[in-house]
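Below are two complexes that have chain A in common, paired first with chain B and then with chain C.
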Partner chain A sequence: MAQVLISTVTVGAGGAASIDFTSIPQTYTDLLIVLSGRCNDGASVQDGVRMSINGVTTNRSFKQLVGVGTAATVNGGTDDYLGNVTGGTATANSHASMNLYFPNYASTTLNKPFSQEIVPETNSSAINMFVTAGLWSSTAAITSLSFYITGFSWVQYSTASIYGIK
Partner chain B sequence: MSNPIRLEVNCETGEVTEIELTDAEVAELEAQRVAYEAEQTRLATEAEAKAAQKTAVLSALAEAAGLDVAEVTAVLGF
Partner chain C sequence: MAQQAHVLISSQTLASATATVTFSSITSGFRDLRLVVAGQSTAAANVFVTLNGDSTASNYAWIWMLSNGSTTSSTTGTDLVFGDVQPGPGTNIYDFLDYSATDKHKSALARVSFAGYEATVVSKRWANTAAITSIALTANGTTWASGTTFYLYGVLG
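What follows is the complex of A and B.
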């Protein structure tokens, strides 16, 4: 198995409302997205990060295990939510860390499950961590992915990379 | 460039383009922010109410059992 970097991007000084990967090559078996990010919400330690697939947020479902402090809860939904990223009141210069994996992303016959984990980083026991099992119920091949924060923007030095797995 | 931008990465060419949001997209972003903050406030209020209810129940149980709240908490396992 080989992991090939397809593209990587770093947010500049002005921030970015979303990071969009388009024209994703259909030549790999799986996709891996690695993201290091923080948002500009000056009132929160963490905020929800979301993903659209091929420009849509429908036909989605997920279940996730959420850890906070010494407790764990479960969460689920049918929207585009992935978990939380580091917010503006978190420890300075700390970013969330996220991995997201799509097997068989180029299939035109299978639905698209994904697994994902994200940890918004700060020096506090009240920060959450998320492990998600998700599904996009569509047989369409994945050609674009967008990552954004509800109502806020990615700050400078947030980075996202997309890898193809062969 | 006055509106926020989004970063579009063309994975075939590697080209990264900064695209300015339209006024409508900015308005949608702001609406999302307001809705999100309202939801966070609602969740926080709900959590505070549950915590207060739990404290009241524990106090009532403790009083009825002739114990203190810490002892009731220990007996119930939380």
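What follows is the complex of A and C.
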């Protein structure tokens, strides 16, 4: 009964279009994903990160609380957006930090809500933090997760770990 | 990467709609407690927390920040409220920090995530130095729906 490391992905030289976890074992109660990442968009301080579940990006909904440095704002939608990660113009070597928690991920009778926070770290006022309530309206057990930035790649040393909790 | 250990203390899966779920006789062998609730209520409601059976409202304080997708708000109170629950799938994650200390008031954080309704963060203080030995969560004025799961973990530190 513990928090058990299932897998860690670290992006190598040349970057990667996505960070993927496949063949996720179905033997835990919950999943925790911890990600430290940055994308290669040379024109932006932050870019949107997205997550596909079992290769699917539909049947999703979310509400977000967004801190912009001077106020709290809101966001919501029905796509696979999670928030922003650090972009290529951010302070060198700074990466976004994310926690994402799926309870009952192996259930075949329940839809899959998740709780997530992400902060794209940099020494800039033009940066946001995100607190997300998300839902994948599917009773399928989660067997794979993929994190990606549309049109861009994760840079080297971006890393993510997935933990099983039971 | 350091690995934070969660140890399952107890779990409950509701076989029928239930107003209050209680974890009692919580041992003191951990640094923190994490209580993960996955499911929903039968109607929208505030969640009331009662620690060690103390239902005196003035012993509890909280501050709440919420986004419902179109507006954001922040509220404070002095009562049992500790987040809310909605009649759609979601999760409430509660962290009770340094719960077994006997020299400080107890602070706790809640992350309330209901994608059809809200993303909410709540900070809570219980003005009592006693170690937490029981936690009761009530869907105030309604019930937690059948099938809702409650997992209480001890976090080693």
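Please note the rule applied: the second predicted complex is superposed on the first by the 165 of 166 C-alpha atoms of A that agree within 3 Å, B and C clash if a C-alpha of one lies under 4 Å from a C-alpha of the other, contacts with A are read in each partner's own complex, and residues count from 1 in each chain.
Operating definition for what follows: a residue touches a chain if its C-beta (ideal position, glycine included) is under 8 Å from a C-beta of that chain, and two chains touch if they have at least 3 such contacts.
This structure is a prediction, so every number in the text was calculated from the model and none was measured.
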Determine, under the contact definition given at the top, whether A:63 touches first (chain B), second (chain C), both, or neither. second
Look at A:92 in the shared chain and tell me whether it touches chain B only, chain C only, both, or neither; answer first, second, both or neither. neither
With both complexes overlaid on chain A, does A:13 touch chain B (first), chain C (second), both or neither? neither
Should A:113 be classified as contacting the first partner (chain B), the second (chain C), both, or neither? second
Quick check for you: in the superposed arrangement, does A:34 touch first (chain B), second (chain C), both or neither? second
Let me test your reading of the model: by the given contact rule, A:166 touches which partner, first (chain B), second (chain C), both or neither? second
Tell me which of chain B and chain C touches more residues of chain A. C
Kindly classify A:101 by the partners it touches after superposition: chain B alone (first), chain C alone (second), both, or neither? second
Can you check the complex and tell me which residues of chain A touch chain B? 6-7, 9, 11-12, 14-25, 43-44, 47-48, 146, 148, 150-153, 160, 162
Touching chain C in the complex, chain A uses residues 1-3, 5, 8, 29-30, 34, 61-66, 72-76, 101, 103-104, 109-117, 131-135, 137, 159, 161, 163, 165-166
Of all residues in chain C, those that touch chain A in their complex: 1, 3-8, 11, 36, 38-39, 65-72, 74, 88-91, 93, 111-121, 147, 149, 151, 153
Which of the residues in chain B end up touching chain A in this complex? 1, 4-14, 16, 18, 21, 25, 29-37, 40
